[in-house]
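First chain A sits with chain B, and in the next complex the same chain sits with chain C.
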Partner chain A sequence: MQTNETLNEVITIISKFAERREAVERVDASTRILDDLGVSSLNFIDVVLEFEEKFNVSISDEQLKGISTIGDAVNAIATAQGR
Partner chain B sequence: MSTLPEKKPLRAEDLRPDDVVITGRGVVCPIGNGVKEIVAPLREGRSGVDYDPEFEAHGFRSRVSGRVRGLDGAAYFSETQILSMSRASLYSSVAAVQAVRESKLLPRDLEREATGVVLGSGIGGLGTNYRMYDILREQKSPRRVGSHGVDTTMSSTCAANASVLFRTQGVGEALSSACATGLHCIGYAYRLIRHGYQDTVIAGAADEDGWATAFAFDAMRVLCADSNDRPWRASRPLDASRAGFVASGGAGVVVLEKYARAKERGARPLARIRGYWSSTDGSGDMTAPSPSGQQRLLRAALRNAELQPGEIDYVNLHGTATPTGDATELTALAQVLGNQGYGVSSSKSQIGHALGAAGAIEFIFCLSMLEHGFMAPSINIEHLDPLLKDYEHLVVTRTEERPLRCIMSNNFGFGSTNGSIIVEGIA
Partner chain C sequence: MTRWALVIGASSGMGRATALKLAADGYDILGIHLDRRAAMPRVDALREEIEQMGRRILLFNSNIALGANRKAVLDHIRDAVPMSEGISVLVHSVAFGVTKPLVGPGSASEEDLTVTCSVMGHDLVHWVRGLLERNLFESPGRILAMTSEGDRRAWPSYGPVAAAKCILEAHTRQLAVELASRKITVNCILAGVTDTPALRVIPGHDELAAAALRRNPHGRLTTPQDVANVVSLLCDSRSAWITGSVVSCDGGESVAG
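Right after this comes the complex of A and B.
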């Protein structure tokens, strides 16, 4: 899967858990998942679980700690896919 | 009962500033979701019990249950809010929203240190627990369960969800005391206000319907298994042929307030809590009802309410339809209240036994009876238990329309735990 496709899929998944619906309309790679979109820290774990299922990867605890923005998530998925 | 003299009703202007009043109600149960929905079926003695294919699929002896129907959680909450709820906490959250709406509490009334939540559950999110265990067993990975395995299933899931939802800053607690849970939560909230720790409390309880909360009772052979072809007849407290209880579920929630606070914000007091008591039997037995334990409870509740036996108009029985429980309860009641001047019935005849939620749902039913002036019937009594023939005139088998002033509601739970609450209507 190419990075742009990954970005779109990541946005689709994260949007389901976003409490700030208005912020979803203007997301980009720099959007912060918790602070800008209002995804709760608990739901963020479910977001990552959906990444793992969608992209058939395993995201390590170390990688998890490094995910703050949507761009971070795309990069973590790419790394887990060995790209 | 119709020969009883009518008493002068309590009026709002008679209330004292430190009285504890009810200003909001919410209910989710087998005869309706919402206080307005339940009044007609309650008054008409309709049954909310039906055939349960899930019970049959799981090989239960009993194949009837009282199920919550037609509840649309999405009409109340966002998808992300629902992620933190089990079926029990969805029920309690819906009932809590209904109660808060009726009380007209605004965010400024909720988001403060004097507003708290006491919402319990007898069993918690057990169905969710089993579903998570299936995932764990099949996928051999706790991670696959997702992040909501704790907030949905912990014993305090009902209280936690309401506290988060309403952003309250006072107590956020969950009592759990088996079948007395709902009554104890409301009683504890009453004490919190009475003793000045809070002035507003959202209180009640919920339990799930369904196989997960019922199968252990089926194993104990305490569920009614002789009416699988006539579900509406299965729950028959006080009847000579009663054969155990019908499993059900739901939620009941009230907003309790110190009257001075309710008056200050212009809220309408619906009823006043007159007294409450909680006790254990001290009998050393886990399940057997104790006549002396029940009598002690009832006398203490009357003392707490500063009432004489003749001042109670109606008693909502625990009345589960187990052979021993009903006979012990009515006999103990008559020993304390006397043998005339009040009516009794069991709401479980209509909705089954909602476990930890039972006391809270039955309390809501009592508030409806006070508001509309009727005693709901104990349905399905074809032949009263001969052991109870001395009390036949007390048992309400057909709806009685009459103004009521004081209602007592009682519950008894596993672990010999007991609760009794007395509530007084306001004209």
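Right after this comes the complex of A and C.
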């Protein structure tokens, strides 16, 4: 899967959990998942579980700690895919 | 008679040891956990170990911090447990909280405090109610929840969890009184500092463990097996008069000078 496709899938997954719908329309790589999109800390683990399922990857604890923005998520998935 | 034990937090630490001990005691196990892919081999190993004992085990990988998920799991459990059987033990061993200071840089947000108190405190009540509403809880029964010495000591960054533990203990007392007529005992187990994955996310956990080791009169830390043994003890029929209590399981660590 190319980076743009990954980005679009990441946004689709995160959108399901985003409280700030208007912010979803304007996302880019620097958009913060919790602070800007209003994904609750309770839901964040579900976001990561969906990443693992959708992209067939295993995201490590270290990678998890580094995911703050949409761009971080895309990079973590790419790393987990060995790209 | 078939007995089921529901262990929330079954895949690691005290919950895992408890699931294994209760299976060895003859319980079939309902286990709830929240694990990413990397941890699934350990979850599979737990399942195999319990099945090799000749016991049934049903595992639910779900973020039960969310009410909708909790209700869905309860409904799955209701559908999975035969009508003639029920749950006689509930063990609440959940570590899903925030460890941050209460003031200053990097301090816990309002949401951090609310979520931690909800998932590690009030959650016990939600599960008890959910089981009772579905007529799943047997009589006599046992409810055990895990607390810590953080309920009375101000460990660094432990504030949100400390509050949750106090909530858990208060609910334990209240539930003990309200469920007495059903012969369901409700107790907290206060384990000494125990080396588990949950401990290792606490900032300064190395020093916490080192200080506990210096205090502990047995010269070692509490293990998940120690905790599981006390769960087993408190599930024995002879423990029926122990309820509403916080039972220490720490080798004397909390009273040592």
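Just so we're on the same page, the second predicted complex is superposed on the first by the 83 of 83 C-alpha atoms of A that agree within 3 Å, B and C clash if a C-alpha of one lies under 4 Å from a C-alpha of the other, contacts with A are read in each partner's own complex, and residues count from 1 in each chain.
The rule is short, and it goes like this: a residue touches a chain if its C-beta (ideal position, glycine included) is under 8 Å from a C-beta of that chain, and two chains touch if they have at least 3 such contacts.
Quick caveat: nothing in here was measured; it's all calculated off a predicted structure.
Chain B and chain C, once both complexes are superposed via chain A, clash. In the superposition on chain A, contact is made by A:49 with both chain B and chain C. In the superposed pair of complexes, A:60 makes contact with chain C only, with no contact to chain B.
Of the candidate stretches 7-15, 25-33, 61-69 or 133-141 in chain B, only 133-141 runs into chain C once the two complexes are overlaid on chain A. The residues of chain A shared by its contacts with chain B and with chain C are 40, 42-43, 45-46, 49.
Considering their complex, residues 34, 36-38, 63, 65-66, 98, 111-112, 115, 119 of chain C touch chain A. Interface residues of chain A, counted against chain B in their complex, comprise 16-19, 40, 42-46, 49. Chain contact summary for the complex, chain A toward chain C: residues 40-43, 45-46, 48-49, 52, 57-60, 64. By the touch criterion given at the top, residues 78-80, 83-84, 143-144, 146-148, 151 of chain B touch chain A in their complex.
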